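Please read through the structure below; I'll follow up with questions.
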Amino acid sequence: MVDILILTAGGTIDKIYFDAKSSFQVGESPIGELLREANLTLDVEVRSVLRKDSLEMTDADRALLRQAVEEATAEKIVITHGTDTMVETGKALAGITGKTIVLTGAMQPARFRSTDALFNVASALTASQILPAGVYIAMNGRILDPRRARKNVAANRFELLTES
Amino acid sequence: MVDILILTAGGTIDKIYFDAKSSFQVGESPIGELLREANLTLDVEVRSVLRKDSLEMTDADRALLRQAVEEATAEKIVITHGTDTMVETGKALAGITGKTIVLTGAMQPARFRSTDALFNVASALTASQILPAGVYIAMNGRILDPRRARKNVAANRFELLTES
Amino acid sequence: MVDILILTAGGTIDKIYFDAKSSFQVGESPIGELLREANLTLDVEVRSVLRKDSLEMTDADRALLRQAVEEATAEKIVITHGTDTMVETGKALAGITGKTIVLTGAMQPARFRSTDALFNVASALTASQILPAGVYIAMNGRILDPRRARKNVAANRFELLTES
Amino acid sequence: MVDILILTAGGTIDKIYFDAKSSFQVGESPIGELLREANLTLDVEVRSVLRKDSLEMTDADRALLRQAVEEATAEKIVITHGTDTMVETGKALAGITGKTIVLTGAMQPARFRSTDALFNVASALTASQILPAGVYIAMNGRILDPRRARKNVAANRFELLTES
């Protein structure tokens, strides 16, 4: 059994630039490649569930993601996800017992030279090993409860509902 | 007088990702920052002329660019430009005497971890110092004549009209 | 009061290459710069305590580091440190009450294109917020107890004393 | 026949950090990997001739390098080399007819996030295609004649003998 299962669901973190179309699109997740540099001694599996901008994510998509979490044998699960609806997906995963689920993502694509992707994934992988069962968001260095968090689009960061 | 004048005209090379809009746009050119790493002993000036996807470039834009080249006191000029209409702009700059003009750009934004931007700019800066007056394209390691070159969109590279 | 205090003590993570001497040396820590990319919403302070290869660290150096931890008002403390004697320093910090102290470092300098530095620092910053008071090592994706950990030099990783 | 032959001779450009020995050493050249990003349409071959700090290079090493150049079927040859004795090696390659030989290197290892390696290699590859037969140095954005150039160690750059 793997120590941690990483489910990739798309979002900015996975964006690729297609010169032919002059546009960014969600591509194959670079998470596996990023983690090679970290020389992990954990047994981590990366599995692609969705490749969507999170604004386009439907209830059916969230049901699919919940099913993937429920069926996993791993008890520590990290989900990379678009930031715009990460809070919604976090709430939709409530009530799964016996599993520590940490959602994370990035404001800048992981393929950029300067990106928050690796920091956030490292933070989520670490949190998933320490926190009790439940659903969490790891963004901007903090661990938040999806029921009390929101993305502040203007400030480009996650914060508590009671902040700003 | 500067040794080489770099005029930035937008294109993929300058693209930034805006998370708030979930889209890329042409941003401030990263060329100056890229060149700091190279520890140049040349006196190079970077000046922004346009910030456009090259597919949106008009005749008026090309006239503006031509005017910037003609008015420059430098005799070696590098232009960073979108790849889709780089050949057209190259032709529109024909007939300027006494100046070596080298167009370049990138298929992947300069802000990516993996990009052809720095290679192409280095190639253009070098070519501008060696080649006789005229207009050239420096892409993919080669120096091409705009009148005999094209962007092969499918193969994502520049080549001679007679190739492929 | 800052949320987390980062004390830098030198080691591979901070290494710079000096071309003039054709050698590397411990330089100014790049941790602050690395963290800017992460867009943290935490209040983090970075303070340099030592600039040493950890093999050269003396008892007096460890006493200095312990004093810096004891005098800090922050309750969450991350220490970046050379890997060769990280375990020894971890043990030398035992018995400090009311503070969560996480040691981390890197096998490849933070200034490399490919490095484990950012992952490890992110992991340490996250662990310092969640774990109870005590001393920990965050390396290779895992959280270890210094009394039960060692650096496996041949395998270039940290592991439990009972492993390999 | 390849368009350009790249001979690697060691030097800072190829340096790797060995954590186990806490030292930098000349490693396998990363030039081939760097060039993949550039999406070249040139046919380039990379061949390792030496793996030395250039301060340790002997007359026998230079004879070996000269032989490799003379025996090459390619007429455009780039040599990556340590900076400390690049000028000496340039002079030792004088008198080879029918070949454009461009020496280059880096002040910071190619494996660093911030390095002059890619710029210099791009510059050398470009110059080798345009310049007439002879021996040149491509460093810091300029093309120099080895008989009239030197490394200014204090300023960490190449310049004309008559400068500074």
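The letters A, B, C and D name the chains in turn, as written, and every chain counts its residues from 1.
The rule is simple: contacts are C-beta pairs under 8 Å (C-beta built on N, C-alpha and C of every residue); 3 or more make two chains touch, one makes a residue touch a chain.
Here is each chain with its UniProt name: A, B, C, D = Asparaginase.
Just so you know, these numbers come straight off a predicted model, no measurement behind them.
Novice: Show me the overlap between the contact partners of chain A and those of chain C.
Specialist: Touching chain A as well as chain C, we find no chain at all.
Novice: Whole-Å distance, chain A centre to chain D centre, using C-alpha means?
Specialist: Roughly 43 Å, centre to centre.
Novice: Distance from the CA centroid of chain A to that of chain B, rounded to the nearest Å?
Specialist: 37
Novice: What whole-number Å value describes the gap between the mean CA coordinates of chain B and chain D?
Specialist: Chain B and chain D have C-alpha centres separated by 26 Å.
Novice: At least two other chains touched by the same residue of chain C: list those residues.
Specialist: Residues 107, 113-114, 156 of chain C touch two or more partner chains.
Novice: How would one label the connectivity among the chains shown: line, ring, star, complete, or other?
Specialist: Shape = ring; chains linked end to end, path closes on itself.
Novice: Any idea which chain D residues touch chain B in the complex?
Specialist: My answer: residues 35, 37-42, 44, 107, 114-116, 118-120, 122-123, 125-127, 129-131, 138, 140-143, 156-159.
Novice: Under the definition above, what is the set of chain D residues touching chain C in their complex?
Specialist: Answer in residue numbers: 12, 15, 17, 19-20, 22-24, 53, 55, 83-84, 107-109, 111-114, 153-154, 156.
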